[in-house]
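Below, chain A partners chain B and then partners chain C, in two separate complexes.
So, the complex of A and B:
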């Protein structure tokens, strides 16, 4: 007897479950995560406490949560434009890096400036840098129909090498004992913090504003309508007379600019200079954030906080439980895996005959 | 002679349509038996039942005087029945030999298979290099691979579903020679076609089907193309209905020498299509699917910059190069064959689906923002005027039944006051009530001076609604026939590709 797996599209695909499935995925992640802790001979409850509760049990922890969530949210909000349009920009990490190079470069160029215009200029160039880097896969896609997943991903590594070149080469700090880093940005080029002594910075406001604008764009404007139609069906989009190539371009520009902005905020905020490892994979993790938030602006804010917590938890787990911080990535991976799984089961009915 | 296959009272019903109704006939051993009929006549369902692909609701099949139940294609093959489908299932990157061995139900070594295949190729004159990849083969050669694959199973009966639809005239001649040789060697061939001259040339017997029923069983040598065409369509004369004459003389749309030259083997190239459409005229384009309807609609709608020669003139403006958006702005409206995912987005609400097609109109916009009040009230008007059964305009389009959604889509286009409305398969797959409503709406629209083009496989529908009908056959358009005093013999000939 041969058993065959039948996969059928559900006709009564549920909208409610679509929005509930991130919660189910988080629950499943915790459930299976507790087995991982058991395997490591740790008490799951104690471990979860250290992982998810103790990191945010004081004001410093909460500030750090927002420090991590801010770039994730800004990048993921940008990516949601691409993903809604069924364009898979996987290269936000590279666009983030380019934003840091462009914006940070301005900070280094005017390193004795005290002008209040320095920071806005850096922010502007950060966005331009990210958008510029996103233009390349957009052009390749629209002119030569290349796969944007591959080109945007490969360009990430190119961007990382360019940053490498600058910090070991022309931009290396002469007083930096030969370390591969630039000199610090002038004070006028640093992002203001919200509270003295904490690292939470005004990037949070940007995330909230971008969230609000995205909500308006998706729900009230013709542009958002075009994105949604194209995401549902490219044929319907053609029938409506929308120019798909322009949409590809705009969405790449928006997501690139957001990633660039996030990159600039990192270097002019918590870091304060340019060096090799400016981002702990924010550009990639933001992909998970975007999908976990259901490409919904408000959902992305919530999911960015949750995923930021896995970063903090991993650091504390390394410190107190003596387990590698990579456990944080394991949790991110599990969440994505269960989210894709629940989505699949919501959309398709699986039976064995 | 003794029959090799006998169908007895085969019935098969799909939701809303009877595909086969008490089909009974016999197929003589070692003969070529053609099955003729329009789209949806039930030919394909019947042979799929014989091949074990579809299970009949009722009835039995007798093979070699034995009553058999065929549950699967594998079982059909063990009974000696094989089938060559209209669309090939070959792996492009594999070689001919590798594709052949994948089709074998029993284990066989590649060298043995190659020598068997070579014997078959030499005997029947298939020109195939067993080591070339499928991707390098012409369409005709690909079909040869499919036929050789079937012959390797030593079949007694070979079913061929529209085998000539993808072939050049030269390849058709070759194929016919091969089929005749196969039959001389003892095979029985069941041949599905809608091409009258081919049936006359090739077959020994012909069964004509219509609406799932057998109309007649004939011996081919007693027939000619005219008599076959008439028998396929003859009943339709009584169904035509008078509609108002066209009182206008103004030309709205003219196509001149429209031709296309695609390399894609699964597209039909259009060949010098000409017609003039008057104000208030309903013009029907009939023909069996796959004769260029898709390509003609593609050119009229211009979604993909499909390349063509010739001119499209709309009210003295050459619109060859105009985009879909620009054509809509000139008040040309479209209803595509596919509802879900083309002329409507199932995941979006009905009012959003208004905007889908009406986004060229400024009244639905406030700058870059959507004017929700306007699209909602427009959606409400469509729902009211076109009897769309739905609780509200917020319902997702995918939740509506086919008929309701089609009424909504056609209503949406009609209420935008078009000067030209182009529809493809407007009543395909919808309930009878909606169908009647849509036909009535289209006739009323033409009385208001709007010109309409209907591309349809459904001749009944065209005869009922249109002023004039032309037939599209292999990319060529026949002369137009006036429906009021239509010559059914001529229409039948046109449908079978015999133009004047």
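So, the complex of A and C:
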């Protein structure tokens, strides 16, 4: 008997499959992940428990989940503006770093301040720093037609060197035993925590507010409509008279500001000072979060929690299973592979006859 | 300026530029067939770590090279399956490959980081890189298969109508690109460094991607571009040696800034870029339309 696989372009667009496929991708990742655990001579069930369940089995763990999910969600929400417009800003890591430098710089400049305005000023400068760093690839794209993928990525390396320069040079803590880190920010420059003794901070509120605003922008405003149109076809948007270059510019600014905000929240929240490794690749991982959330604001919140769990799980896996925490990135890469793969079912109808 | 210094500089430029040439020439062929693979950085890292681990375990350079290449074949094969058969977004898939590669290489290499090995002489690979540029240039311009690759990259629908197998051609070019990237990774961890360290390719995969644009998809220009670039990157050391007073970080960021400048320079002429880029680049081929 001969089986033939028929592949046909879907005529009916299925919302159900569109939103279910991320779940399928997650399931496939877990399935595949168990093979990785088997290869490493570990029991899959035991490993999954350590990876996905035990990290969030107490209030501290749940707080940590939100601490990790907050920057991911904020960056990914910003990136969704770019990706909806088919603009690939992949330099969020650099924009995050610049936000931390700008906002953190304000905190160090006024390091004896007790004013309640210090933190708002730092937050403002964090967003400005990120937006400023995103302006560069945006300008190069609109004025010189330069590929934004490569320029935004190159600028990430540059931003990391600038941060390095500051923490080993002018901003080094004189009382820091020569370590490459700045002085701690004053208390007025620290992000308030939600519960005493836990690290979960008010950045969570920002993530929810940005999610809400994004929902309104995408569904109720002309700007959101323009984004959707130019995402489907940049030609159509030009024929409609939308200024495509402006759209590129604004989407870059928004995503940069969000990334900068996330960077500032990291340094003024959980970290409390500036040093070299302020971000465990949040800027890159947020790309996956945005895609996994289907560029939908609410979806991004959910996917940020899921991906945050891979960070926590990887840390625990390193501690208890003695496997490198980089296994978290392996899972993140896998989930994106599977998500893109399952998109196939969304576009095509497959039948076997 | 004495002759020893000049030779010394040339020597360093030759040694440090070779991985860019290797990865760049592979990606050039891939892009010529109309596929953009942003996963070079991940491919290089996995190639580097597999080569390194195999060498530590077996002590045999041939096995080490072999498994490094196999890693490139497997990973780029997965990429090819996704973008060709499942018609996924090439940019997102390439990014997934990079993130996966960063994670996988770090995971595999953790135990081996810091293990000392005896490096392989880099000069073989310098010669090979030149030969490869020569061969790719000849292949693309003088052979029938090369013409098919270009036809597929310029207009996959016409090429398909003429009876050429678009998917098969692209599988070949993607895997060629993958092998070249893993070779570049092998070179970095076995000849250039020689050691293993997480993320040791330091963005070279991305720079190789930029070089393909700089070269306007022409093999010889890629070679020239890579060496100009290598020269600029090495200049930082010499400027430091001469005694230019600047913090080290500013020298370190020069290669990345140079890449941006070069891209701006080459892209600002919109027409030229449009004429030289393969017309079907980054457009999925859908046979069932």
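Note that in this section the second predicted complex is superposed on the first by the 331 of 353 C-alpha atoms of A that agree within 3 Å, B and C clash if a C-alpha of one lies under 4 Å from a C-alpha of the other, contacts with A are read in each partner's own complex, and residues count from 1 in each chain.
By definition in this document, a contact is a pair of C-beta atoms (placed from the backbone, for glycine too) under 8 Å apart; a residue touches a chain by one contact, two chains touch by 3 or more.
Predicted, not measured: the structure shown is a model, and the values here were computed from it.
Student: Tell me the contact category for A:23 with respect to chain B and chain C: first, second, both or neither.
Tutor: In the superposed model, A:23 contacts neither chain B nor chain C.
Student: Touching A:232, do we find chain B (first), chain C (second), both, or neither?
Tutor: A:232 sits against chain B, while chain C stays out of touch.
Student: Please indicate which partner A:38 is in contact with in the superposed arrangement: first for chain B, second for chain C, both, or neither.
Tutor: Once the two structures are laid over each other on A, A:38 reaches no partner at all.
Student: For A:154, using the defined touch cut-off, is the partner it touches chain B, chain C, both, or neither? Pick first, second, both or neither.
Tutor: second
Student: Thinking of the overlay built on chain A, is A:213 touched by chain B (first), by chain C (second), by both, or by neither?
Tutor: A:213 sits against neither chain B nor chain C.
Student: Quick one: is A:241 in contact with chain B, with chain C, with both, or with neither? Answer first, second, both or neither.
Tutor: Once the two structures are laid over each other on A, A:241 reaches chain B alone.
Student: Between chain B and chain C, whom does A:323 touch in the aligned arrangement: first, second, both, or neither?
Tutor: A:323 sits against chain C, while chain B stays out of touch.
Student: Between chain B (first) and chain C (second), which does A:223 come into contact with in this model arrangement: first, second, both, or neither?
Tutor: Only chain B; A:223 stays clear of chain C.
Student: In the overlay, answer first, second, both or neither for which of chain B and chain C A:144 touches.
Tutor: In the superposition, A:144 contacts chain C only.
Student: Comparing chain B against chain C, which has contacts with more of the residues in chain A?
Tutor: The larger set of chain A residues in touch belongs to C.
Student: Residue overlap on chain A between the chain B contact set and the chain C contact set?
Tutor: none
Student: Okay, in this complex, where on chain A does chain C touch?
Tutor: 7-9, 88, 90, 140, 144-147, 149-151, 153-155, 157-158, 161-162, 164-165, 168-169, 284-285, 287-288, 291, 323-324, 326-334, 336-337, 340-341, 343-344, 347-348
Student: Quick one: in the complex, what on chain B touches chain A?
Tutor: 301, 303-304, 323-326, 328, 334, 336, 338, 341-348, 352, 355-357, 359-360, 365, 368-370
Student: Can you tell me which positions in chain C touch chain A when the two form their complex?
Tutor: Touching chain A: residues 38, 42, 78, 82, 86-89, 91-93, 95-107, 110, 198, 202-203, 206, 209-210, 213, 247, 249-250, 252-253, 256-257, 259-260, 263-264, 267-268, 270, 273, 286, 288-289 of chain C.
Student: Which chain A residues qualify as touching chain B in the complex?
Tutor: Chain A residues touching chain B: 220-223, 225, 228-229, 232-233, 235-236, 238-242.
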